[in-house]
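By written order: A, B and C. Residues from 1 in each chain.
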Amino acid sequence: MLRAQSATPTRAVPARFREVVDETGRTVRVPQPVLRIVSLAPSLTETIYALGIQDRLAGDTDFCDYPPDALKKPKVGGGLNPSLEEIVALHPDLVLAAKAFNRLDTVLALQTLHIPAYATDPHTVDQIVSSTRHLADILGVPDAGASLTADLEHRLADLQERLAKSAPRRVLFVVWDEPLISIGKDTFIADALRHAGATSIVDSTQGWPQISLEEVVRQQPEFLVFATAHSSGGSVDLEALASRPGWRGLEAVRNRRFAVISEAVNRPAPRIVSAIEDLARQLHPEAFEPPANTSVTWANQSRQAVSEACSCAL
Amino acid sequence: MRPLSFGYVLSRCALLAVLLFLVIVVALKLGAVPVSLYALARDLIRVALHQTSELSSDYRLIIFDIRLPRILLGTFVGASLAVAGASFQALLRNPLADPYILGVSNGAGVGAMAALLLEPHIPFPAALSALFTPVGAFLGALGTIVAVYFLGRRKGQIDSNTLLLGGVITASFLSAIQMFLFNTVMGRDLHGTAFWLMGDLSTTQQPIVSWVVRFGFFVAAAAIYTTASDLNLLLTGEKEAMHLGVDVRRVSLVVYIAASLLTGIAVSVSGAVGYVGLLVPHAMRWIFGSDHRILIPTAAFGGAIAVVIADTVARTVVAPAELPVGAISALVGAPFFIYLLRRRFA
Amino acid sequence: MSSVARSGAFAGRTDVSRSAEVRLSVEQVSYAYSPNPSKAPLFTLEATSFQARAREIVAILGPNASGKSTLLKLIAGSLAPLSGRVLLDGFVTHTLPVRARAQRIAMVQQESVLLFPSRAWEFVLQGRHPYSRTLHFESDDDMTIARNALAQVGAEHLSDRWMDQISGGERQRVILARALAQQPLLLLLDEPTLHLDIGAQVDLLEGLRRLASENRYTVVIVTHELNLVADYADQVALMQRGRCLRVGTPAAVYQRELLEQVFQAQLSVELGASGRPRVTVLSQTQ
């Protein structure tokens, strides 16, 4: 028989509705209050936990792994290919989607089944913050949203101040090494780099442009930035990278100027601010007091960065 | 040594129809949310008796709003592709022909991408936005059908060799455009189109789309069936067929348009499901012979059965996640194709 | 021959009150083929005429590129002549609708590749197509006709065999049987002896003579086999480079100088006891 969802509260009374416009411009009728949520993107799952309403989260995707408690929630499938049946079986009041992670078809299908779906689509760090605030408002926890966003904004402003006197570092953000893929200038990751006192040398309007190593060598970025999942321990084997032809031509590789930050930078969620802070420390150690260990190797730096990211997690 | 009779065709189709029914029942039972046969039977009866208020609402939603429409869509997509494949194999006199050989699916892909690109910029009422992709895909398919028709003519009428060449070239060209769009412009919407390109039945369709798919199938398949004996003769050669009384020009035109429309409609709603249009006709020929009067209807049933099975596997094997149905048909289809090849030429 | 409905509804029927004997009348038929309309034609067939009766075998004889196949296609009605016309039983062949044409004229061509092989009897049954309506399933009558056709070519024993598993000569016979199943008035064959050995060639021509006589066909064969034509044809049309040089009985047409000029070889022509000529090739000239 159908799986029963007894952990989270179910609705007994007909709801009021509130019409909002989501971040893709669609009008969504959200029932009030929102008691059962299904999240279709890891960033949204993280945001729900950050707002403290995780007991209203009825289900999430296979990729929602942060915080670890999210792994225990009922799963509805992947971001591109969730099971509509599973979603329906969880009787959500609202489904949260991310334009960068989910398909329009899924949202339209839910609409046909009379399940409201609200989509987010932040392109900058400021938009991530305001998106969090709007979500909190729609989900009925404006106070939690206000305090969370105030904290994020405070930290970002603090960073701005510290980095005011330092020139931004020119960096290459490496999404993948072979083929060499980086991030476009209109992505929130590029904006996160800017907040950390860095500029991406890749000037492309595509989301994940594939670039040629030659072009990178010509540009000679000061740092190579990598995002690591702290669960897997190992990163791209940086020593092996250093001995590969072509890569050797990069000063950043010869001088081992690598910055490794947590994977949080890939998710448009509150935790990205920690990753930004971490990156700022690695790129501009002189701006932070007390000064970071001057003789530290890249490996130590990354471990430090990872543990800081963990401790800054909400 | 008895010739094909209508009774024989009917009896074989009845057998396949029963098999299709069984496959549908099993498919209804299986899914990310399991359902017992007893409950299913009871509720199907309730629906038949219009006692729908007795069903629990999300159960009803799952079975009748998600699963059953998806299975029915798979039925018609499979039938359309198999009939189109058999028709193109006859029209082009080429056993390797499949519904996509003349570029219809690539044209639909370009159309769908164009629709996705334009969608944010055109003020469409929300109710119609779900139609954007299928309509765009279908328009792309239509454009390709017309273009390839004009490319495929020789002395004013369709010539199978010229058609094949023109179609294959058009397909390559459109495929290159697809790749270009994919890599430069699509960016953030990459994921959606990738799924669609592989063949995907998971999106729920507007009622009008389902209606067009079913109606289009019956009309086009019927048109092709009226040329079934002509197709038998066409396989021995265009000149031979003409000397045996086949109006080659008319038959070529009818079959080309009807088979292309079948393909265009199927691809517009489900992307390019691979191998069904190529292999199901061969399998049916193997079992029932190559007389098109039995091949066309059995291929329709065979295609429906194949796609429903593939789609059921696609949505259960890594549940709750789903695979695109084209992945399953390719995984199963390719080895089966190799097996058929070896049998033929061993 | 079973009756074939022949209404006067077809455009092109002429009121020719000729003797009932003449069935096929080729009247001043010419053709020109030019791929580029603005340029001179690549190939022309000059005005050609001859007549044939029921039970007659006519041979269109000549070397390669003499226009033989083109003339055959004009007779078959699959090409429209530039001038002149071809009349079969009073109907202009190329204006007949395809189906009506297939009920009167059967063409036996070089076989093409069989994509999805069928059994011999299924293949012969295809000859009944000109008589079937849309979505027609063959009747017992059709089967009887097909079986008879196979019997008439001596291929009954092949009826259950697959077409791709029989020899070339056997396939040729089955193809001929399919033509017979059409129950035509006119039987056209384009170089039927090309891939056959001498024994098979003689068998074929003997068979054609017998069939022409029994079934009252008019047979037109395109060939370059001088002696076969001499032995079996009632009339010969001698072609060279798009011109019909002479029409008549073999004895009348086989003049040594004429044949030498057409075939570019040194020949000797003798008249046999039966009144039919025999040609021997002495050597090739340039």
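In this section, a residue touches a chain if its C-beta (ideal position, glycine included) is under 8 Å from a C-beta of that chain, and two chains touch if they have at least 3 such contacts.
Just so we're clear, the structure is a prediction, and the values are computed from it rather than from any experiment.
Connectivity without chain B: the remaining chains split into A | C (groups of touching chains, all others kept in their positions). With chains reduced to the mean position of their C-alpha atoms, the one farthest from chain C is A. A simple rule picks the central chain: find each chain's mean C-alpha point, then take the one closest to the mean of all protein C-alpha atoms, which gives B. The distance from the centre of chain A to the centre of chain B, each centre being the mean of the chain's C-alpha atoms, comes to 39 Å. Averaged C-alpha coordinates put the centre of chain A at 80 Å from the centre of chain C. Between chain B and chain C the centroid-to-centroid distance comes to 45 Å (mean Cα coordinates, whole Å).
For chain A, the set of residues that touch two or more other chains is empty. For chain A in complex with chain B, the touching residues are 1-3, 24-27, 62, 75-86, 88-89, 91, 99-106, 108-109, 111-113, 184, 205-208. Note for the complex: chain C touches chain B at residues 76, 78, 98-99, 101-103, 105-107, 109, 112, 114-116, 118, 121-122, 125-127, 129-130, 132, 134-138, 142-143, 159-160, 182. Of all residues in chain B, only 31-36, 39, 56, 58-59, 61-62, 65-67, 116, 119-120, 126, 129-130, 133, 183-184, 187-192, 194-196, 202-204, 206, 315, 319-324 touch chain A in the complex they form.
Interface of chain B with chain C (complex): residues 1-6, 93, 95, 225-226, 228-230, 232-233, 235-237, 239-240, 242-247, 285, 289-291, 293.
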